[in-house]
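As written, the chains take the letters A, B and C, and residue 1 is the first residue of each chain.
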C-alpha cells in the first residue's frame, strides 16, 4: 500500500517555489487587509476560522470534562449552559457555515471555473470583515459574561427569562449571516457569469456544483434568520413582540422562522463537504465520478428539498399531526439524494486505481461516518421514533456525526488535498495519515456512546445527569481526548510544512481540475492566460495526453 | 481599486491579450469585457434583492399571521395611522423613484449636470420621506402608541377618548381589554416593518450622498453607468417594499 | 488500589454496577416503538456494512499496485436507479410505520384518565382530578390509559419519560397532550428535555407506576381535601364568573352546563368543539371566543389566574354536566324552560342555536 502512490513531486534538488505568486505579490499587513484577491481572502478566512475552531473546541473539551461525573463538579450549571451555548454559536456560525465555502470554496471556485477572481472581490473582502466583526462581537460576549440561551435562541426563554448577553450574540449572528449571504451571492454570480470558454455547466467539477447548491441556501435562507434575530432583539429591548405568548404572540412562529434557516443551514454546512469528497475520491481512484449528473443533481435536489423540511424540528412541539406527517415525508425524500451520493462515491472506486494518501483516508472516514449520521437522521425524521429520541443525546450524536464526522472530515480532507496548491509545499505524509486515523478512532469513541445515551433517554444540555449514564459519558470524554489530539496534529505539521515541506510542484496528485494546471501557489491572476476548457471534468486520459505533450516538448 | 491598478505592473498583463492596454479605467481586471462586468454586477444586484425579499418576507409572514388572529385589533389600530402622511410619503417615494430613473438616464446620456441634479433630488426626496416618517413616529409617541416603551390602550378601550380618530371612524367600537392589548402587536409590527424600511432608506441615502460627490467629479458619465444603474435597482426595490407596506398598514382596514 | 485515580476508580465501580444499555420498556407503546427502532437499526447496520464492504473490497481489488490503470466508467442508470429506489422504499416504510406510532401517541383515547401537568422554571407540577398535587413526581396506575394535558407557565419545557417512550413539549399559552398506558410497576425517570434555563438539569423527577390497588391507596392518602373541580368551583364564585354564567333568563353569559364537548357557534361565525384549549382561551382571551348571541363584555382573566387556577376552572366546567349542579352552585331557584329567551341557551337548546347560524 505504501509503495503505490500517485504523488509525483518535482526534483527536490532543483525545485523552487515560484518567486511570483499570490503570497509574495505584495507585502505588508495592508496588502492583506485591503486585498481583493480571493486566494488571500481565503487565507484570511482559513486563519480566522481555525482560530474560532480551537476556541469552540476548547469549550467542547470543557463540556466533556464536566460530563465526566454525574454531578456539577467542574462548573456550576449556569456556567455549563454558557459553555455549551458558546460552543454551539461558535461552531455553527463561525466555523461550520463558513468552513469549506469561505476557505476552500473561496480559493478554488474561481480557479475551477477558470476565472481570475470571484465576480465581486470587494464584496468578498467585505464578507470577511463582517465575519471578523461577528467574531469580535462573540468574543466580547464571552468576555462580558457569556450567553446561555443555547444556539437555538428558543423564545420566550431568550427574550424574557434570561439576563445574559443575548443581544450582542444575536447581532453577531446577524452580522455573520450577512457575511455568509455575500459569500453565497458571490459564488452564484461567479459560477453563472465567470466561467472560462468551454466551461459548460456539465463540465464543472462537482465541488462547484455542491457549492452552488449551498449558495442558493445561503442566499435564500440566511435573511430569514437575520430578520428573526432582529425580532428577538427588538422583543428583548421593548419587552413585547410577536414571539411573546403573554401578549398574544406565538413562540412557535419563532421556531418556524428559526428552523426555516437553521435546517437548510445544515445543508449549507454539509453540501460543500460533499463537494470535497467528490474531488478527492475521483482523484485518488483515477476515475471520473460515477454518475456525474446524478451527483450534481442530487446536490441541487438536497438544496431544494432542504427548504421544505424545517418543521421536523418541531414534531413534539404541538404542530398539527398532519403537518408532522407532511414534513416527515419530505424529510424521508431529502435523505435519498444523500444515499445516492454515498453509493456513487463507493462505485467511483470500482475498477479504479486507488491510492491511500491522507485526503483519501479522510474521505473514507467521511463516507463511513456520514452514512451513520445520515441513517440516524432517518430515526429522527420518522415521526414515531422522533418522539423518543429527539432532545436527547441521540440527536447530539446524530448531528455531530453529520457535522463533525461528515463536515469536519471533509474539511480536513479538502485542506490536505489542496494544501500543496495553496502553499506550494507538501506536508509529511506518514504523520498526516496517522492523524487521519486518530481522528477517526477518537471520533467514534466520543460520539458513538452518545447514541446509546440518547436511546436511554439522557437529555441534551444537562450539566448533571443520573449516575447510571456515567460509564458511557466517561467513554465519550476519553474519546474526546483522542479526538483533540487528532485535531492538534494537523495544525502542527501543516505549520511545519510551510517552511520545511517538500516543494509540491503544479500537480502533485495528478488531478484534473483547472486549479491543478497552474503553478502552486498560483499567481494573483490564477492563470497566465485564461484557460480554455476542452474536455470533460475528471478526464484523466486528457491529463495523460497533456503530460505526454509536455514530456515531448521538453525532450 | 488597488487591484485594477495592480494589473499594469503584473507580469501576466504583458502576456497575450492584446486588449489589455485598451481597458477603460472602470473595468475591473478580472473581467474580460465591460459587458461581462455590467452583466455580472447586475445579476448580483438582483440576487441581493432576492435576499432582501426573504428578509422582509419574515416580517410579512408575522404580520399576516397576527392580523389573521387579532383582526379587530389590527383594524382599529390601523385607523390610528395618518393616511394623509402615508399618501404623501408614497407620493414622495414614487417621485424619488422617477428622479432616480432620470438619474440613470442622465448617466447613460453622459450628462453630468443632470445626473448631479437628479441624484440630489432623489437625495432630498429620500430625506423628505424620513422627515415625514419621523413626524408620524412622533405622533405615535405622543399618543402613547409605542409598544413596550410608551404605551396606553386608551384609544382602543374607549375610542371616543380619541376624538380626532373617532371623527373619521365613528364605527369603531370599544375593544374588550384582551383585544385592545393586541393592538400592541400591530404597533410592534408597524415599527418593525417601517423601521426596517427606514433603515434601508438611510443606507440608500448615505450611498446617494457618496454618489453625488463622485458624480460631481464626473465618475459616472464616462460610460460607466453600472454603479448608478445597480443603485437604481436598490432604490426602486426599497420603493416597492413601501408600496407593499402602505396598503398593508394604512389602507387595508379602511373599508 | 490507592494508585488508581479517583475518577478511574469511580468509573470502574460504576461500570460494574450501573451500566445501562437500553431503557426499560414500561408502557404499551414501548415495545412497538422499539420494534421500529430495531428495524431501523438493522437497516442502518446493513446499509453501513454494505458501504464499508464496497469501500474495503474495492480498495483491495483496485488499489494501485494490483490495478495500475483505472477503467473509466461513466455511470450506470440501472445501478443508480437501484440505489435510489431501494433506500426510498425503505425510508417510506419507516415513514409510514413512524407516522402510525406518532398518531397513536398523540391521539389520546376517549376513556383516558386526565392528569394536568404544569411546567415552570424548574419544576413539574402534576394535578390529579381528585385534587392530589405532586411536584417533580407523577403517580399513575398501570393498565389504564393516562392522558397528560401539559402547559408551561413560562418557557418551553418538555416532559419526557424514556421508559414509556413518550415525550411532549409543554408550551406557554397552549395545551398539548400525550398519553400512555403503563405496564410495569416501578419508578422511572422523568426529564425536562427542552433547555429551559439555568437549572434545566434539575428539572427531573420520578414517575411511579403502581398497581390499581396501590394507586387507590395513594390517591386516598394524598388527597388535599378538595377535588380539582371543587377548587375550580371556588374560583368560579370568587372571580364572580357566576354573576354572568348562570341560567337566569337575564343572564349576560351563556350557561356552561354540558358545554364541554359540545359544538358551539362563536360570534365570528366559526363553529368549534369545546375542549380544554377552548375553555382556557375563552377565559384568557374572551373577545375572540364569544358565543354567538352574547355581547362581548367579558373581561380577560389574563394575569389574574395562574395556570393552575385556569386548570381548576377548566376542570370544574368540564364537570358541569347537569343543570342541577349549576343551580345548586348558583343558588338559583328556577330552571328556565327552553325557548323562553334566546339569550341564555342551555345545553339542550344548543342545537337550535346552531341552526340560526348563517353559513
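We adopt the following convention: a contact is a pair of C-beta atoms (placed from the backbone, for glycine too) under 8 Å apart; a residue touches a chain by one contact, two chains touch by 3 or more.
Everything numeric in this text was worked out from a predicted model, so none of it was measured.
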If you average the Cα atoms of each chain, whose average lands nearest the overall Cα average? A
Pick the pair with more C-beta contacts: A-B or B-C? A-B
So, what's the distance in Å between the C-alpha centres of chain B and chain A? 35
Indicate the whole-number Å distance between the mean C-alpha point of chain B and the mean C-alpha point of chain C. 46
Hunt down the residues of chain C that sit against at least two other chains at once, touch-wise. 285, 302
If a residue has to touch 2 or more other chains to count, which residues of chain A qualify? 248, 250
Quick check: what residues of chain B touch more than one other chain, meaning two or more? 69-70, 181
Show which residues of chain A lie in contact with chain B when the two form their complex. 20, 25-26, 34-37, 115-121, 123, 181, 185-186, 188-189, 192-194, 219-224, 226-228, 230-231, 234, 237-242, 247-250, 253, 257, 523-525, 528-530
Residues of chain C that touch chain A when the two form their complex: 7, 10-11, 14-15, 18-23, 33, 36-37, 40, 43-44, 47-48, 51-52, 54-55, 58-59, 62-65, 67-76, 79-80, 83-84, 87-88, 91-92, 94-95, 97-103, 105-107, 121, 154-156, 158, 160, 162-163, 165-169, 171-174, 176, 189, 191-202, 204, 285, 302
Within the complex, chain C is touched by chain B residues 69-70, 72, 175-179, 181
Given the complex with chain A, which residues does chain B contribute to the contact? 2-3, 6, 10-12, 15-17, 28-30, 32, 36, 39-41, 43-44, 47-48, 50-52, 54-59, 61-62, 65-66, 69-70, 147-149, 181-182, 184-185, 188-189, 192, 196
What part of chain C is in contact with chain B in the complex they form? 284-288, 296-300, 302
